[in-house]
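Each of the next two complexes has subunit A plus one other chain: subunit B in the first, subunit C in the second.
Entry: the complex of A and B
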């Protein structure tokens, strides 16, 4: 009996120590896992056809970049895309993106060649980003080239790629098909600043 | 030791979940709440005959061409009314995002009309919750047809009629919108002593989306004044039809017992009855032009 109690006490002591150790280790790692964030990143798209040019801008893109893992996520409110023509904006939300039903689009991905970026040294690095792009509730795997710019006080991420509306089940009726480019040119410009992890 | 290993695992968990989903949660947690304004309660600035809550945004010009043909019961000889046509032309413009104005001309009594539509409230969710959109429409109509009695003194003011309407609309769901339109009309001159100068009416309109670009619309005005003694007797206007939207155009095709295309005419002077077959086929064509492009948001 006595032995048993002793064993239990010993266990408790070990547990307590481990508890503390892991607790501090956790904090340490959480601080080291450096995250960079922005709430006013830019995503725009451009469509050029002989009949009409369409351009939309969104300066309220939220994004996080974890430089220890290369994980990168973006999220955007569809209604924050603004067009030159008010009617285009209404059609974009009402007929194509169905923004009331599907208010957001997002990207979850990863920098695949993280080792080629030196986050400690200012400069521009070419990267490849791979991940899931979800638009109009349809998720597609994409892979695109871009740059990571390490600047003082932050990290900029830039990319240009094309998307095909039909890949995301965005149906474009025949009457206006000639007015919308088959490939929409998407531009992403994010200016991340570091976040303190809680 | 079993408890210990559980504790150990428990503490290992937070180390492993710094993945993309976690980053996404971080974004969602910090996402600012925004005001989400309801858009496209109706597809056009008219439900059928009457105004809808929609207005032209700033810098947009709406060119409207409307036709009402003769009655279906006029028979095959008149090609069921299509031989006869009444037309209204309108130019309407959004001055700001809360004020639109328009001018028009109807063949019916050779009437010129002008209106202003003010957006007072906009339905929204999110940071600001607003259950309905509210607009006020005021309009004036000037009939320039020759006075029937040339022998008496006719005043210019006798040609005028005024309309005031409050539009209260709610987009109840993605596919269904409803609007109530209390209306007041004052006519400076009426045909007989028994005809009221003031007309009070309550309008109701609805839109049911059938596909992304086609909707079924209905509109009815209940006229509160006793109508029996009016000369000619008037009836409550009822219109049923479709909105078809193609890019910059909206086509509205419908059947109505009213020949008029401005409030004063279709609320105050609808002489047709659905049950007798006094039904007019009608259409509105709306083409929107962007005169002033939106200021571009700051670009990188």
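Entry: the complex of A and C
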């Protein structure tokens, strides 16, 4: 009888420990999440000419970052870019980007110096990202510098680079060409959070 | 000067002036104020998400560039650095929702997870979620 009770309590203790172990294992797995994502990333571009400054913002960028491979994927809807003036936005969508026909732009690339980033330690790390940028159905290889910022609860990725509209077969008529910079300055700000692993 | 020349001059300058004014007006035109705009469709967040998930092409043709009045429950609130607020609405899917982005002026404190909300916005399309832009709150119930 006594032995039986002891056995039961022992069983209970073992069960409890096992439960706790599983619980902590789960936390460990969650903390070591390999994939990070965001649906509210920012991509904006800026054009400066003596005639006019033009700025457009998109706060609905979807992005995924895999910290084991350094793979990065971004996707945007062209219609989510916002300009101060409604007419500019209309021209951008209808004349230049043809967003009814080509609604999305994307980037698929990789951090090439992944070993220089310590994802376990908070801080800012310089990275180089290479990959395919697809705008207006034209894909070009690009390579750009940026930073990876490891913060508590996530990873921030920032980059600034220039693109030339003509590289993506975006034709801007002569009258307006003077008003738009030959090189558009693109800013990327992503705040990734870990993907909950089930 | 002869009278008909005067009249001709007057007409020409009138046309030129109205042309310049119209161009200025077009150039400075602001975005549609969603709070006052007439919605093209009135529907729930769940229905909207399901239509895009079932057939993106049909739903895109139907909703993109249209003003949608959507009602639903707030699943999350995300403020960005530049004071732009985005909220997502609960739908029938775990991974795909409706993301509504508000202009920079919006007061972030008025959105709480779990609140019922009705809003109007312009549909940009579908990535992983249905995206609405330039949103305005119509009713915000606790």
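Note that in this section the second predicted complex is superposed on the first by the 163 of 198 C-alpha atoms of A that agree within 3 Å, B and C clash if a C-alpha of one lies under 4 Å from a C-alpha of the other, contacts with A are read in each partner's own complex, and residues count from 1 in each chain.
Keep this in mind: a contact is a pair of C-beta atoms (placed from the backbone, for glycine too) under 8 Å apart; a residue touches a chain by one contact, two chains touch by 3 or more.
Since we're looking at a predicted model, the values are computed, not measured.
Superposition of the two structures on subunit A leads subunit B and subunit C into a clash. In the superposed pair of complexes, A:42 makes contact with subunit B and with subunit C alike. Set against each other, subunit B and subunit C touch different numbers of residues in subunit A, with B touching more.
In the overlay built on the shared chain, the residue A:101 is in contact with subunit B alone; subunit C does not reach it.
Within the superposed three-chain model, A:134 lies out of touch with both subunit B and subunit C [touch as defined at top].
Once the two complexes are laid over each other on the shared chain, residue contacts for A:57 go to subunit B and to subunit C alike. In the superposition on chain A, A:71 makes contact with subunit B only, while subunit C stays out of contact range. Once the two complexes are overlaid on the shared chain, A:34 sits clear of subunit B and of subunit C alike. In the superposed three-chain arrangement, subunit C is struck by just one stretch of subunit B from 57-65, 219-227, 237-245 or 273-281, namely 57-65. On subunit A, the surface patch touched by subunit B in one complex and by subunit C in the other comprises residues 39, 42, 57, 59, 62, 75, 77, 79-80, 82, 85-87, 100, 103, 189. Against subunit A, in their complex, subunit C makes its touches with residues 26-32, 60, 64-65, 78, 80-82, 84, 86, 88, 99, 101, 124-129, 131, 133-134. Subunit B contributes residues 1, 3-4, 7-8, 11-12, 14-15, 18-21, 23-24, 26-28, 30-32, 34, 36, 38-40, 57-60, 174, 212-213, 245-248, 288, 290, 293-294, 296-300 to its touches with subunit A in the complex.
Of all the residues in subunit A, the ones that touch subunit B in their complex are 11, 14-15, 18-19, 22-23, 26, 29-30, 33, 35, 37, 39, 42, 44, 57, 59, 62-64, 66, 68-69, 71-73, 75, 77, 79-80, 82-87, 90-91, 93-95, 98, 100-101, 103, 106, 108-110, 131, 171, 173, 175-176, 179, 189, 191, 195. Against subunit C, the residues of subunit A that register as touching in their complex are 39-40, 42, 57, 59-60, 62, 75-77, 79-80, 82, 85-87, 89, 100, 103-104, 189.
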